[in-house]
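Input: structures, listed below.
Shared between the two complexes below is chain A, which pairs with chain B and chain C, respectively.
What follows is the complex of A and B.
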């Protein structure tokens, strides 16, 4: 091992300290949420800040899992995330591949895609489209309007463009049509980038709440984020009551329950990360550096 | 072979998309065909509604909903939206033109006036007095939802006088040998004593006086004279002005700044939200906060009882103001409004049905009759043993999430009480400390006068558009004055800036409307 100078060590120590501190700053709020979710309400009231509950209780989680709507909404979110991500990947990869080939009107298409990247129609026109296409009050309203993210599409197109042209030529020589080239050659080669985009899309679906509120009328169809928001916002709403003529009729769930809800809504998607992490780092860089 | 399987799966997925979206379309169409048919007394009307909820939502097909459908022979289709995103969803729905029959809002905000002027709502002038519970809405309160002489909303009940007012830890006062304060000097001494003299007797320096959160809330106005929301004071031109920029408020801010210097106010109040501030009081750190007879949080109060079993809380009655007045401000007198779709003008039968449903939910039942013996009460609450039970004489309702009672679904479920005290709010609490506090607050409100706040009867366009932003400016400036970052001598400059940014226009519009309404000086009830 190479001998390290005093200066280098200093920099290393400073680096570790600095990065450690940043990591801690990121972790602390999450840890606090977790700690409070396991604390009793009395302890939460009593102590200024709970880093480690004196007494671990599960009552907040029992409360949440006893709530039918909460459990159901987790199911809805899982469903939307799985189907939505599949639709996203199917649409994005096929479109991206098409745009990477010299097809007629490719330029125009690309400009149209770029246009949506820069300008969006806003809430009400989009609502009107969803309504007129008959998607209102169906979970497809959470999936189809965002089936393709233009940014992801362009990055993926770059990825396909970056693939050696000889690959395509060779496949065609062997008698493959475009569909076959895409399915048997290009897709298997782009697994890392697919994994990365799967993660982007899955996180987007998991965290999406506003389209749920806007397009779904029946509480039975709401995803977890809508329910979570409802639980947390009750507490917030009361901040606004300065004047005091708004009633506190609906007591918000205790903070411990709110924290438990946050944990339940966050942990599943967090667990997905480590599995996709290795592809993720690789995939994001792909396409950015061209031959 | 393997590949083909995947291809089939993809095809099936695409098929599923088409089928499901087609189903969505059919549902929509079905809802529409039922509307707009020939009026017929026996016809089963489909009634749609959009409403908001702060807390849990009733389920789509709950027992309470079936009960409504059977009783009124309707097909009632309500939808509920979480309050924080309700305004946006409602805007989208109104813009789409497919407005439900019944629209519920929290209050007449700028959207309400905009839509009313555009003719989205049905005028109710002739209808209101036909229904006993709506006839009870006082004329001065109706003014808040009247646009160009037309009343566009049914207002939901709110007690006139039960506002949030200051309360204090009586057990702390007793331990220090102090009395409930009667003026601001005494209140200051008490708040300082709570900070420095260990009122909870635990030997630690861990208590203080006033619990406060961001936006100087609560503001501890001990009467209408100091209240930031009351339009009570006049400026040099004889116009009424909001309390927020009055001379009385300036003195009040100076008083708060003194207390802050002594450490008698929540130290980082500018950063605390309401839940955190509640914690300051209910964990036994602060000794002075606010309370009201209706809708206080039993979880919080039980928390305090668990931590300090000997806690006692009493209201602080209003102080006598320099001008001799004494009393808190009254409320707008309503909370929540129900509007009907203007298109219903063609369907008087359906309107009658909707009005009947709303009227039924508002029917007042005296406290002693709130049990299975009263058929209306029993039905509205989903029948004893199903929607509610009676424990030790208290009504215990099932949670709204189960949707077992018609009141979980009806557009208006608030009884219109003949007077504040008839509600008997204090008797509905199960935590004894809360029960006692609510009862003493009811007593105090019953014994003192309340200023009818003129601002509740008028509408100012500029105020609707700019008040939030302008108030934020005042809160920020005044918070700095309490912190001592800005001297109180900047007060006049602050008021001037507020006026220039639109405040002067608000004052002008409000005063013109008041004049048109025939306002003749402060009115106490």
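What follows is the complex of A and C.
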């Protein structure tokens, strides 16, 4: 390899520095929020900007976790995420397998699934169906209307189509029907890819706020993202945390409470992020395969 | 068919048996595939109930639907609601907002991942590259509520940004980033860049991973500097990816990102920030003007369908693969 010229070296250094700066700009806001959420009342009032609290305290966290409605919203979100992801995986994998076999009506079903990627009825007709099926104000409204992501369905079908045909033939020779082939052979073989889909579906549920606003009128059923919106965007902490709670003596400043809530809503994402990262390059590649 | 038709005189019996046997074959096939159909049943039910029944519900756009009278009892309205779309100055404004936000995103947010991917591709240290990637992908996984919550905390009157401006430049009045409509669109674009630019590099980096390193060696032999290598080797390698993604984005100009915009809207910026999707929400859910909101949604969906299909055809024509 020949020596780099002085000019090229400068470009390299500038590139390294600039990318480092961009990465910092991505992290800094988040770091700041975390830092302030741990700052004490006194420090928060005395210093305008806190990048590193001198003293780390948990009072903001103690405060929000003492709020019944906040804790309930975390519970709702955990419940929706766990049940929702299970429903997503069950519906997506079974239908994907059916669509991967030469089943009666396969072409029609594929065309109808693909069409939903291009066109949807829109918010109002879907809202009315959710209402008609009795899901309004139920956490199932956050699960059933998004039970299958058509794009994921197509990618998973592609995965089953790519399985060697001999596997299927051998199992049928041994007298297995399609249910057994799916359960005993295809499902165990697709565990790694199911794990990837599970992560993406789980993140979708955890971060979902709009369906909550659309379908849930009762604050007791709100997931954490809707509570967070109520606290920060709408600026009504009393409906989010409970009106009695807001009047507590020694309540920490609203800002540190908001930031603690942001951190609580984000930590699960940070926890699964390393696992997500392992999968997503692969997932995106799979996605670029034509359906 | 008339009984006087000579062809039909002897055929009913034959046709009957033919159709009976076709029905028989169909039944046999259903029975043969029963396990697969049973397995697919939840999925089929989902698509029917939550994807296709709502499409039948688009009928509401053509009647004056009232929840009390039900769909059958409501009066036929024809194209009335669609005509209103083009007469109501409010919707013309909303349409303009949607398109202008979309095109601003294409102009300013679309190129950022390309530049980032090129910069990442020039890094020599693979470890450093991986660290930077890990950090810049992260915001994609944060929810819009969190992103906009952080943004509000930073930009409000006594937020960090205004405090810093006060300390450094002695600003007397805080800048009303969140309430002055002039800041609305730049804010939307910057948030999209912050959240999605890193994630957007993935497809470009994947295309770049496939470039034969010998091309660069040959170019160096020929005396090409860094920028000429980028211009003649790296950029051509991702050109088709850029074209396909750009065309697809153009197919989605009617979508300006309602999850984000809904959170940013307030009475101050409603006029210039309200987009089609949020408008449908406020009209339909907020004011229960179901039929009109459905018509606006259908209008948006139909235009979107035509745009995506033409965009795809265009991508194919330009030598790309298209998506469908």
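As a working rule, the second predicted complex is superposed on the first by the 217 of 291 C-alpha atoms of A that agree within 3 Å, B and C clash if a C-alpha of one lies under 4 Å from a C-alpha of the other, contacts with A are read in each partner's own complex, and residues count from 1 in each chain.
We take it that a residue touches a chain if its C-beta (ideal position, glycine included) is under 8 Å from a C-beta of that chain, and two chains touch if they have at least 3 such contacts.
Predicted model only: the values in this text are computed from it and were never measured.
Student: Classify the contacts of A:229 with the two partner chains as first (chain B alone), second (chain C alone), both, or neither.
Tutor: Touch status of A:229: both partners.
Student: First (chain B), second (chain C), both or neither: which does A:10 touch?
Tutor: neither
Student: Which partner chains sit in contact with A:23 here, chain B, chain C, both or neither? Use first/second/both/neither.
Tutor: second
Student: Thinking of the overlay built on chain A, is A:123 touched by chain B (first), by chain C (second), by both, or by neither?
Tutor: The answer is both, since A:123 touches chain B and chain C.
Student: One more residue to check, A:172. First (chain B), second (chain C), both or neither?
Tutor: neither
Student: Using the touch criterion from the header, give the chain among chain B and chain C with more contacted residues in chain A.
Tutor: C
Student: Touching A:214 in the superposition: chain B (first), chain C (second), both, neither?
Tutor: The answer is both, since A:214 touches chain B and chain C.
Student: Of the two partner chains, chain B (first) and chain C (second), which one does A:104 touch, if any: first, second, both, or neither?
Tutor: second
Student: Can A:184 be said to touch chain B (first), chain C (second), both, or neither?
Tutor: first
Student: Quick check for you: in the superposed arrangement, does A:82 touch first (chain B), second (chain C), both or neither?
Tutor: neither
Student: Give me the intersection of chain A's contacts with chain B and its contacts with chain C, in residue numbers.
Tutor: On chain A, the residues that contact chain B in one structure and chain C in the other are 90, 123-124, 127-128, 133, 144, 210, 214, 226, 229, 233, 255.
Student: Considering the complex alone, what residue numbers of chain B touch chain A?
Tutor: Residue positions touching the partner: 3, 7, 10, 13, 17, 20-28, 53-60, 79-85, 88-89, 91-93, 95-96, 98, 106, 158, 163-164, 213-215, 217-219, 229, 273-275, 279, 282-283, 290, 292, 294-299, 303-304, 306-307, 331-332, 335, 400-401.
Student: If we count contacts the way the header does, which residues on chain C are in touch with chain A in the complex?
Tutor: 26, 29-30, 32-33, 35-40, 42-44, 46-47, 49-55, 57-58, 60, 116, 119-120, 122-125, 128, 131-132, 134-139, 141-146, 148-154, 160, 163-164, 167, 194, 198, 202-203, 206, 220, 225-226, 258-259, 262-263, 277, 280-281, 284-285, 290, 293-294, 297-298, 300-302, 304-305, 308-309, 321, 323-324
Student: Provide the residue numbers of chain A that touch chain B in the complex, in ascending order.
Tutor: Where chain A meets chain B, its residues are 41-42, 45-46, 67-69, 83, 86-87, 90, 123-124, 127-128, 131, 133-141, 144, 183-184, 210, 213-214, 217-220, 226, 229-230, 233-252, 254-255.
Student: Which residues of chain A touch chain C once you look at their complex with the stated criterion?
Tutor: 2, 8, 11-12, 15-16, 18-20, 22-23, 25-27, 29-30, 32-33, 48-49, 90-92, 94-99, 101, 103-104, 109, 112-114, 116, 118-130, 133, 144-145, 147-148, 153, 177-179, 182, 203, 206-210, 214, 225-226, 228-229, 232-233, 255, 258-259, 262, 265-266, 269, 273, 276-277, 280-281, 284-285, 288, 290-291
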